[in-house]
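There are two complexes below, and they share chain A, which is joined by chain B in the first and by chain C in the second.
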Partner chain A sequence: MSFGKFFSRGRKEQQVTERMADHIDLLCEACAIFHQCLVSEDRRLARKVPDMEREADVIRREIVSTIYAGAFLPYLRPDLCRFVSLVDEVFDLLQETANIFVYRTVPESLKGECIRVALLNLRMCELLRITYGAMLEGADLKEKKLGLRIYEKKIDDIKYGLLRDMMEIEVDNFWQGRLLGEFIDNLTGISDKIEDASDHLDVLNVSMR
Partner chain B sequence: MWKIGSGIFLGWTLGANDSANIFGTGVTTGTIRYRTAIWLTALFVMAGAVVEGPKCMQTLGELSRLIPLEAFCVALAAGVTMAVLTVLALPASASQAIVGAILGAGVLAGTADFSRLYRIVACWVFTPICALALGYLLYRGLAWMLDRTVRRLTYRNFIYLGGILVAGCYGAYSLGSNNVANVTGVYVGAGLLSARTAAVIGGLSIALGALTYSRRVMMTVGKGIVPLDPFSALVVVLAQAMTLHLFTQVGVPVSSSQAVVGAVVGVGLMGDVRTISVRMLLKIAMGWIGTPLSAGLMAVALILGVDAAAPLWGQHVGPLLERLGITEAIFVAVQFYGGWLRSVMDALGW
Partner chain C sequence: MKLTEFMTTKIEYIDPDATVYDVVERMVDRRIRSLVVRSPNEKDGHGVITARDVVFKVLAKGIDPSQMRADELASKPLFCIDEEASLVDALEVMEQHNVARIFVCQGGHIAGVVAMMDIMWAVLILRARGGHVFR
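Up next, the complex of A and B:
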């Protein structure tokens, strides 16, 4: 550490925390757009998600390079980077789901439940944003984590119903079936990734106590 | 004046070894650059030695009445014992080595005063205990205070960063003030140096050790305690510094490494009492007996050896050194630097 860094009074740290908040905000926006495109079946909206994923990648790289340029104590850096990459994994999964949606129409019998899952994913992202803010303030994260776990449980319950209904759908060929299976898997897997990210916020919170 | 050479060697080994206890964690985790750490250590060790160093010198001088040649052998014996024990990976403390060496020389000369030893041994025993208690109390107190005042992540990060720097500087200051007596205290008792000059020379030699050869030890020690979180690392350094500073006021040089071990255990008590290892306690207790005993025997052997070689020395080596005038030149330079430092301190009102 140089004295310059000490006397900068955490400007870099401030920059990192703000960009991390932007990263999660962008994820919330992408989830909202994806939910919207499922409701309206507007495939042009789904094409916006990969663009947002690329924007998120730029933010992730910026955060990681600022962290390794000297922001935060070295002890904390790997955990911060891990959290950012977990949020990025959510983006990747959302992008894959959106890409499949562009080429594969969701059958009417599954559409309602898929919209429910997309909405729950959006709520989880919003709660992740709130949890992140609370972590920055050093507040207790127990209630927020419980909320996220409840959302995740709900999605898991829906997932088993979706799989049961999916098996009764007739498909024209192998690829149609495979794409539908992947779509359901990805859509319901987003919540698991969000939960992993929130667990890591708890690790960060505890390690600075 | 060549007789102070062994003290400078002892100071150099002490600086190379013990500066790792101060900024070791900070350097190995990348919180502080190695260069910044060693310069801060050197600066504050020097300040501690000059400002409060003479406080511990009297205690060592009272143990035995030594002549200058014996003082040379005593410092050399302590230095060699430290080096040998370090190589054998056994716990070595300069404070315990120098006391053992002084008593060894004193026994040989018939001037050893064992009545002073009780106070010194009591301080050795209380060093890890005091550091343990301070580590525990500081952890509880500071954690309580921080939880109520500084909760934000970025502010905490700043507090820990600043805390590690400030605690490290204080640790270096305490090391200089407490351990400089180990390095050049014997020369004060032998009437070779004044307390102030001894503090300057001792401080310089410790600083030199930190500046030239502390990297390897720092990496080893630092990596050994890396699992500590920043707050625990900060508390450990602070508790060690406070312990050393406390014993400086008592006037007894103590082991900084044992203070660190005590502080780590104190911090560990917050989580799990099983952090106390019986093996580690035995190692510390073994150091209280083994180190002074080995240094005492080494001092006796050196003095007997020097006595046997005295005629040769008196006829050839001594006059040659006198003719070359090298040691005088070093002494004059040190006296000049000490005088300059004193005038700066006077100007600053210290």
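Up next, the complex of A and C:
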């Protein structure tokens, strides 16, 4: 049974599904801005990401409130809230990555691969949005989930090379090294969080059958 | 979808006078399946050694990899494609020359490599996206 069709009659349900789409759209926008910020090295762009994260927090609270104000059958509510929380975790990690970028320049030898990871993160968010749309229509998510896993594998491969190259970089002090390590960890960890969110979409989809 | 989104940009190079054993060691260390063999003379162009070359042309024939130079095994020339080329263009070059990987070149410089697996992944991603076109 289609998730969207099943609940389309309820105004609250409609409101929740629309806001969940807005939440993912905002994540795509934040990832695009962060990618642009790495390409252009414009740190002012990085400062926009925390603003978007706060906006996303507002959307998350609104969604959770509406759900517990009576939208959807009770057995579905925890899973819906969990999905929204997982998307929020992606936002948190993106925000931490952007905050580090404000204070820590990415070495030239790592820049190209970091930009590639940021672009793949953006593509994953876009595919997550498509997967969410497909779930609402009751479509099979198998191919979409495979696409997300492929992106994640690609980022994992790049991460291995980044860590290897990072160890050859000389740092001025402990904190510069630590910030760089955290930056790489966070940047490459975003895809894991997106994958977790997509896995949960599958849980929601299955729970409707 | 651009070819550059799916290519591998980390290209590993090895000197022509390195042994095939060095090549194997590098492949294992870096978890890669091909290496570019630098040419001492730029006009000659670089060569490439794949894991398949090592297995079929050296190991299967009982040749000691530490007694063979990398440039003796390397295939030349490298098959290059422009970075603006599509996945279909890349596939055509692969099929035409019966190679499993082609290099993405930009002004005589190697920008990346696209292997069969990358093409397969790209096609699966396109299917997953259902033709949606983003920025």
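The working rule: the second predicted complex is superposed on the first by the 200 of 209 C-alpha atoms of A that agree within 3 Å, B and C clash if a C-alpha of one lies under 4 Å from a C-alpha of the other, contacts with A are read in each partner's own complex, and residues count from 1 in each chain.
Simple rule for what comes next: contacts are C-beta pairs under 8 Å (C-beta built on N, C-alpha and C of every residue); 3 or more make two chains touch, one makes a residue touch a chain.
Just so it is clear, the structure is predicted and the values come from calculations on it, not from any experiment.
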| item | value |
| --- | --- |
| Touching partner for A:13 - first (chain B), second (chain C), both, neither | first |
| First (chain B), second (chain C), both or neither touched by A:171 | neither |
| Touching partner for A:21 - first (chain B), second (chain C), both, neither | neither |
| Partner chain in contact with A:113 - chain B first, chain C second, else both or neither | second |
| Which of chain B and chain C A:64 touches, first, second, both or neither | neither |
| Contacts of A:137 with chain B and chain C, given as first, second, both or neither | first |
| Set intersection of chain A contacts, chain C complex versus chain B complex | none |
| Of all residues in chain A, those that touch chain B in their complex | 1-3, 6, 9-10, 13-14, 17, 72-76, 135-139, 204, 207-209 |
| Footprint of chain A on chain B - complex, ascending | 26, 29-33, 36, 143, 147, 150-158, 160-162, 165, 229-231 |
| Residues on chain C engaged by chain A in the complex (per definition of touch) | 5-6, 8-10, 30-31, 121, 124-125, 127-130, 132, 134-135 |
| Complex contacts: residues of chain A adjacent to chain C | 32, 112-113, 116, 119-120, 123, 126-127, 130, 134, 143-144, 146-148, 150-151, 154, 157-158, 160-161, 164 |
